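Shared between the two complexes below is chain A, which pairs with chain B and chain C, respectively.
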Partner chain A sequence: MADYVQMWKDLGMDLESHDVLCSVLPTAVGDVFMTQQNRPKAMDFWDLVISEVHGIRPAELIEEQKKGRKVFGTFCVYVPDEVVIAANGIVTGLCGGSQFWVPGGEAVLPKSTCPLIKASVGARLGRTCPFFRIADMYVGETTCDGKKKAYEILGEDVPMYVMDVPQMKRPEDIIKWKNEIAAFAKKVEEFTGNKLTPEKLNEAIKLVNEKRKALARVYNARKSECLPISGRDALLMMQIAFFDDPARCAQMCNRLADELEQRIKDGVSVVPAGTKRILVTGTPLAVPNWKLHNIIETSGAAVVCEEMCTGTRYFENLVDETKTTLDEQFMALSERYMKTNCACFTPNTGRIDDILRMVKEYKVDGVIDCSLKFCCLYDTEKYSVSRALKEAGVPILSLETDYTDTDAEQLRTRIGAFVEMLDG
Partner chain B sequence: MKQYAIGIDIGSTCAKAVVLDEEKHVIERFLLPTGWSSVETAEKLKERLSSFFPDAVTVATGYGRACVPFADRSVTEITCHGKGAAFLYGAPALTVVDIGGQDTKIILLENGTVSDFLMNDKCSAGTGRFLEVMANTLGLRLETLCELASTGGGVSISSMCTVFAESEVISLIGRGEPRENIAFAVVDSIVTKVASQASRLLQANGAVCLTGGLCELPYLRQALEKKLGRMVVTSPDGRYAGAIGAALLARKDGATG
Partner chain C sequence: MADRPVRWYILFDNYEQGLALHALLDEHSLPNRISPAPRCLKEAAACGMALLIGADVIESVRACIEQHSGEYRVILPVEGQLLSHRDKYC
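The block that comes next holds the complex of A and B.
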């Protein structure tokens, strides 16, 4: 392993605390990933990245910053990466998936805030996440009340730009989001000192579309009766996609998809025939949150799809590549992003349509709808999701959890019973 | 050679064991307090069951199911309670309400198998533990608390949280409220919570049966019946429903029978 201590020191990180975090990760990775049998060989890339998750990519970002490029840290799949990339900026996801950061977040936020927000704020204020240290600017969005208020606190510490996501999906809302994208583009131009041109934006649109297509290829392989990859491995790929360089992400995902497609041809499956196939839906699973997938897949079932931000919402729908003016391109971007079905919209029946479609596409036996504690939006939507699935005759289990392991056994009982129920 | 089917249900408060013979007759059943070590409890169960080994297949269930090394496999208590209740009550469609020591389960059965279920969250509201804590505060045994409750009324506890509810009970004691009224409020609180949980799954038809340790308290059953507006049935073996279900699953035909 390379030595990143100097880099972390230069980033002003709290090394002592960070050591504690780094010391628990290898055990978690070992327990969740390395215990699996017959993994795709191409997972070696993600194994390497996760083993040095606070080293490899941060070092690359710092190198790029030295060349004058700006790094934008984002929290949500609604923020259009294309705009940043077209201005020669870099987008990175930010940490927020570990209980380690939650107490730090609770020092300033109400306890009844979702763990994702608490962890993000804790990671920043505790100085234990290099991505939060490296980002020159954070880009937030108004997808929930908890985040909106948290951004005000983060904004005291670092340049913060917030995009106003509409709450409905009427035609005027698509236009409103287009205008938000245009305003964001202006901000990005100012901040990077680089002018946006239709050519550059078109290149960026194509680049991000390629990444989406590559991720979709991996998900397509998961639709096969012969399941070539575990849910845990697919989730890890998806989580890292938020941090990686988009071109390399596409390249690696395509390499993985090649292997998965070959496995399907050869009849190589990671689970015995008849293993129940689970679609997981709900709030995002930020790295290193593998709790749910791990419990499901060690209870005799397999996760075949995530209808989540860390899942299909990230890559489904492409941006129209044929537009030639910035104005048209902003509209094309808005149209694509507004197709993402998040519970922050009302109504959000599109999400239910998505879930029902995916149940068919991925040959799903049962759905687990899981939201993070205190996520009022997704928690409330469980009612309509569960009703629609019951009407369609699809078994569903609704869960609520956080990042702690205190409810692991209770979850194991519920999930175990759900799988036993599917097995009949 | 005889083939026995043994079901072990290690709950949070109580460990239950049931032995079935080949005709599915319960030929042995007993319980032990789970205590602080599921492993030790499992050892004690094994000792008492020694005459049935090695001609037995064993299935373990309950929170301590992973701590039964002599079990051939483990199955969750939801599936086992469902199987056990279907066996005890025989109805094709059934809603099972199991009030356990640390969780309450609502299980929907269709044709004898689980078709849906709900469990309470981490919180102990609406569980046996809630009742236990309140009984302790009132200096009563569970049975006495329930008997007293049937003569009380007029008071309610609003907190769902066991700790806050205990403070409420202490306030009621402090203001001189008669014990039977407080006991009434305690039972009313748990029954309200269980009924609201059950209402999410309860079907228009079919019987409701109560299993778990609390099914032996007649007033609790009556209070639940009243709250649900439905007949609630129990069985003398209701407490053993999970263990019976596990034993049924231990049989060769367990998957289908």
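The block that comes next holds the complex of A and C.
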């Protein structure tokens, strides 16, 4: 990635440390993706993006900044991209998924913080991720205590705006979130210098809905008994959706979906008939966190669905496009976003309903409920998720992991035994 | 040898050059995949993108490139580079 060195220098990045990260990424990508047989041709787009992950998209963002556009970095699927896009801003996901960044986060956070938060803070403070350098403003949210405190630290280094996510889903909470969206819109207007209009917000709502529909098409193809794409490839597509241009994301996902639908018609599967189908649920898998999927899919099973933020929670449910005033549109946004079933809510029975529905839709043989270490919320929900699945007669394996490689053998043993049990 | 298969990597000056060759090989139905340039080829690579070519088609790929004056930086073999069970993530 030598042709981006000047750009990284201009961003104030620590090139020496960044080079260490660059040295491990090609091996992981090679092992996880290039070892697969019969991958869809349309994956070439995501192969290119990941090959130049700190080059192509960051360079695009910088070009847009030169035209006066602002880049907003986000950490959660609750932050409404539509508002930023309507003000001619750009959204880029910032969640850190690499162990490389964790020690940098541990320098300022307790070790008993989840690796996603530690990696995100480490990526910013260590100056080793161009996306964290480029974002003009970070947008946080109150979906967990670890993030709330981390945002205070990040806020000392970069402009930070935090949205207060309700913790329950009563009618008054939907209104509360609508008001939060309205307040965020005001902040975005101030920061970008661009006024929101109902017309612009409607265009943005339609754009993001198109992206959701395209992602859903790919997921719908995964419901087929003839599985046309691996879980690893679908995960890569989903991870990159968080920082790609939304129109191009929709275009590329639709191109991939076209190929997958044709594969289903032609009976082309990436796994032998009878391969056990796994639904993965739990905490998000931020790029480049591919450990769980790689271990599952090299243990004789296939991942067919992710009930997580880097999965169905990102694209299910559309925003109503028929509203004509900003007030009505903020309410429509709130109604859609509040359907996302995050463990920060109490109660959160909707997540269990979703998992049970998806088990049927995706013809799932077994569920793996996996949370990142120190994520108290998802770890606690394992009890009720496990109980509901057992009652429904669905085999379930509950796991906890982090970004290190050290538990890979242990995970292989447990996942291998689970798949063997499904085969039995 | 069977345990350590040789794969070939075509390296480029920039990704635009790589995408042009990718399109050329696709046009001639020659199997190739966009891949990060392996770290062991760091000194030879100018950009992060490479094309990964199986040993069984490398001669056909070379012939196609020569015939159509395809642009690239260098073509290099790597033995045993890809291991699905290595469990070294990043």
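The criterion applied here is as follows: the second predicted complex is superposed on the first by the 421 of 424 C-alpha atoms of A that agree within 3 Å, B and C clash if a C-alpha of one lies under 4 Å from a C-alpha of the other, contacts with A are read in each partner's own complex, and residues count from 1 in each chain.
Simple rule for what comes next: a contact is a pair of C-beta atoms (placed from the backbone, for glycine too) under 8 Å apart; a residue touches a chain by one contact, two chains touch by 3 or more.
What you see is a predicted model; the values in this text were computed from it and never measured.
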Clash or fit (per the criteria above) of chain B with chain C on chain A: fit
First (chain B), second (chain C), both or neither touched by A:Glu409: both
Touched partner set for A:Glu400, first chain B, second chain C, both or neither: first
Touched partner set for A:Gly424, first chain B, second chain C, both or neither: first
More chain A residues in contact [chain B versus chain C]: C
First (chain B), second (chain C), both or neither touched by A:Gln262: neither
Partner chain in contact with A:Asn294 - chain B first, chain C second, else both or neither: second
Touching partner for A:Asp3 - first (chain B), second (chain C), both, neither: second
Chain B and chain C, minimum CA distance [Å, superposed model]: 11
Footprint overlap on chain A, where chain B in one structure and chain C in the other make contact: 409
Residues on chain A engaged by chain C in the complex (per definition of touch): 1-3, 21-35, 39, 41, 44, 47-48, 50-53, 55-56, 98-100, 288-291, 294-295, 298, 403, 405, 408-409, 412
List of chain A residues in touch with chain B within their complex: 395, 400, 406-407, 409-410, 413-414, 416-417, 420-421, 424
Residue numbers on chain C that touch chain A, as the complex places them: 13-15, 19, 22, 26, 33-39, 42, 45-50, 52, 81-90
Interface residues, chain B side, partner chain A - complex: 63, 75-79, 103, 113-117, 119, 121-122
